[in-house]
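Here's the structure we're looking at; comments come further down.
Chains here go by letter, A, B, C, D, E and F, matching the order in which they are written, and residues are numbered from 1 within each.
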């Protein structure tokens, strides 16, 4: 679906996204190392994520991944599909509801569905809104999110 | 404002947050190393962030930090204030609008204002909604966000 | 060229590669942070990479990236094209000649050409040999390499 | 105890520390990932830390964390209490005795007691010497250390 | 064998290597954290390395380390012996055959044998070709490789 | 000076260290990436290290490396000389005085002098106390430290 051109990979232009279209990413296992790296890099040392002893008496019972880790990895996995390669102009909006935690060893996959399109010719393209679902290895939706991306329009000389 | 007890630091309970209250974090400089680490860890290798040559001809003119880096660092900086230490039960909701990019070398500070409180006794506390503003070294608001946290209620024997 | 299926991205099967076919990757800027991370992770603290003072009197005059960094990033960039997604069975052979160094700030792109194919039905597919060229922002070939991958055969029920 | 001002968090001034005062940090679990990251970053690949096979026949029987990891994390945890925020001028002296090792999975907490204060008006404040104890999840003191920090004096117009 | 001089460690000059000479490195345990760090840094998110669920149904049955991780760590371990310290001029050629995978928790040691020497006076020294074997904790050779290094000649005033 | 045996590198035994003996390490350039990685990994986000704007008005005028980074890198560089390989039993004591800061781009070298030896036959060897000096590229001593290591005795069958 994405093109591999002589100038490198090329994602989809604004005009090439269709409402209802669904994209499914690769899976990625969230390891203890991921939580340590994400927590330290961002400075979020919340004991829910970094202190195994504290977690023994917490509601969850064990360490969980940062909510921001889940969403950030989801965007990364989506990017890796190649559909945004060189055609995304800007990341505009994000909203997310965290319902089920990601535990160490869980594997997440993302389902992204094109929810809405809105022309923004003045900005060189249009807004594409995706519904994202982060799904774990048991098929459970752990986070529902929406992102709005400004995608470039197809160059007219290629139309 | 946060307490340093014999059992470690203790953040604020649901009852101790006041609508209108504002929290200001430390500043953090977003370096080239931060962008490399965030991009590789999350898998978001978008050339906007990782390819300096590509960026020369882009709208921005140079590499920018990931939107998710900005928000993730903001949550980390907020956590480091100590007000959530041991009293946060869960991160429930997030919404963000990205307006101005973070360039390499920019320093970000976060202003978090308590916007709304909502009892959730059944869950052991209540929801606290914060308005977040990520502000750069020129005082410009680069991202507006809202987060909703489930904060624990003050134990009755301490009341 | 790669398919985005309901079960995630799907690369090319052995039968779908053609001798002569060329793949071009995204560019990636090799920063000082990359050299520090690669050198420390692998334990190669050679002063050519890690000691700016030493390099002032060296033949190169300044720090250079590890040869292994170049090849490892090249394989990563190739993987990100999606053509190997779920269809690569094993990485079998590698050969490389390093001619021009990568300096801090250089941006590398990889051109991979299918050089040779060889059936290996007993192993479930066949060997695909690629010629790789790592090219810098000036268009100079800095490393020539060859890799041999065992790619899966197309499932017969899909043929 | 630490103040959250309109200009960000504010630690304690030299005058606000009292001999005998004790600070207790959060806990942090030292994972295998922490040892790999610390060992590679600092270049200390001692097989005690990095070679599980070697350790099977060693006195300890398994990999242990670097002594410097313990002390460095302790300083980090102490910093995160907020008491040094914007009021520390310099880190002057350190001494440490390592008695019990940190194993993978151990959780460390730091108890810091103000041991001594010494005016250093010429330097803009005074020296505060802390006794540090790094304590594991079993309550065992694994490292005793002392650090001397130059803390700023309270601005006179605030006195 | 390597010298520790007043100006730092000093490796072997071209003239000091003998065909047939064997060097054995330290062992290094390849942890889950290593695979996460290597895969993210290089951008090789192949599910063979990063998706534990996918691997359950793969030929290997579980996640394996990247081939490039094995070779890169081998070069790092070889460097740490000190024999190349300040005497290596350039890394010229590499070839490798990957036969047995490295699983999480395996410990690798490298045996490097001087295979061939070739004068290159014009370049200030000569080529030294090493045969490398990466060996796991069971004594199995998992990768055979060859590297060609340009080593400096002994300064005549020291001869 | 260190031996490269058939079983890997072998450092010096307790009996092989001489009072007065001096060891000089390789140099290592401390980059902005090092400070980001050390600060985030250890959790020490002190604005002296992480906030370039704050530093503009500080005594130093710019960001400085963590004192613990300097000492931790020094131990790593010392380890890489090979003299401790397989012969160090434990790291016992550390003391350090920080006088001059390490700025981004500085290159540090370590001079370690054997100061004192003390038999500890009951522990299988003896204590070796080293004086360490961390020296920058201008030859200035930036940190003076002392470390006490428990080194193994030479096996009697080798004596």
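Structure notes:
One rule holds in what follows: a residue touches a chain if its C-beta (ideal position, glycine included) is under 8 Å from a C-beta of that chain, and two chains touch if they have at least 3 such contacts.
This structure is a prediction, so every number in the text was calculated from the model and none was measured.
Contact with both chain D and chain F is made by A, B, C, E. Of all chains, the one whose CA centroid is most distant from that of chain A is F. Matching residue numbers shows that A-B is the pair in D-E, B-E or A-B whose interface repeats D-F, with more than half of the contact pairs in common. Distance between chain B and chain C, defined via averaged C-alpha coordinates, is recorded as 36 Å.
For chain C, residues touching at least two other chains, in rising order: 26-28, 31-34, 36-37, 41, 43, 45, 47, 54, 80, 85.
Taken as a graph of touching chains, this assembly is complete, with every chain in contact with every other. Across the interface of their complex, chain B is touched by residues 40-41, 43, 45 of chain E. Across the complex, chain E is touched by residues 28, 34, 37-38, 41-48, 54, 59, 66-68, 71-73, 75-77, 79-80, 84-86, 88-98, 124 of chain C.
Here chain C touches chain A in the complex through residues 1-9, 22-27, 80-83, 85, 109, going by the rule given at the top.
The residues of chain A lying in touch with chain D in their complex are 31-33, 36-37, 45, 47, 50-54, 63. Contact residues on chain B toward chain F in their complex (touch as defined above): 26-29, 31-34, 36-37, 80, 105, 107, 137.
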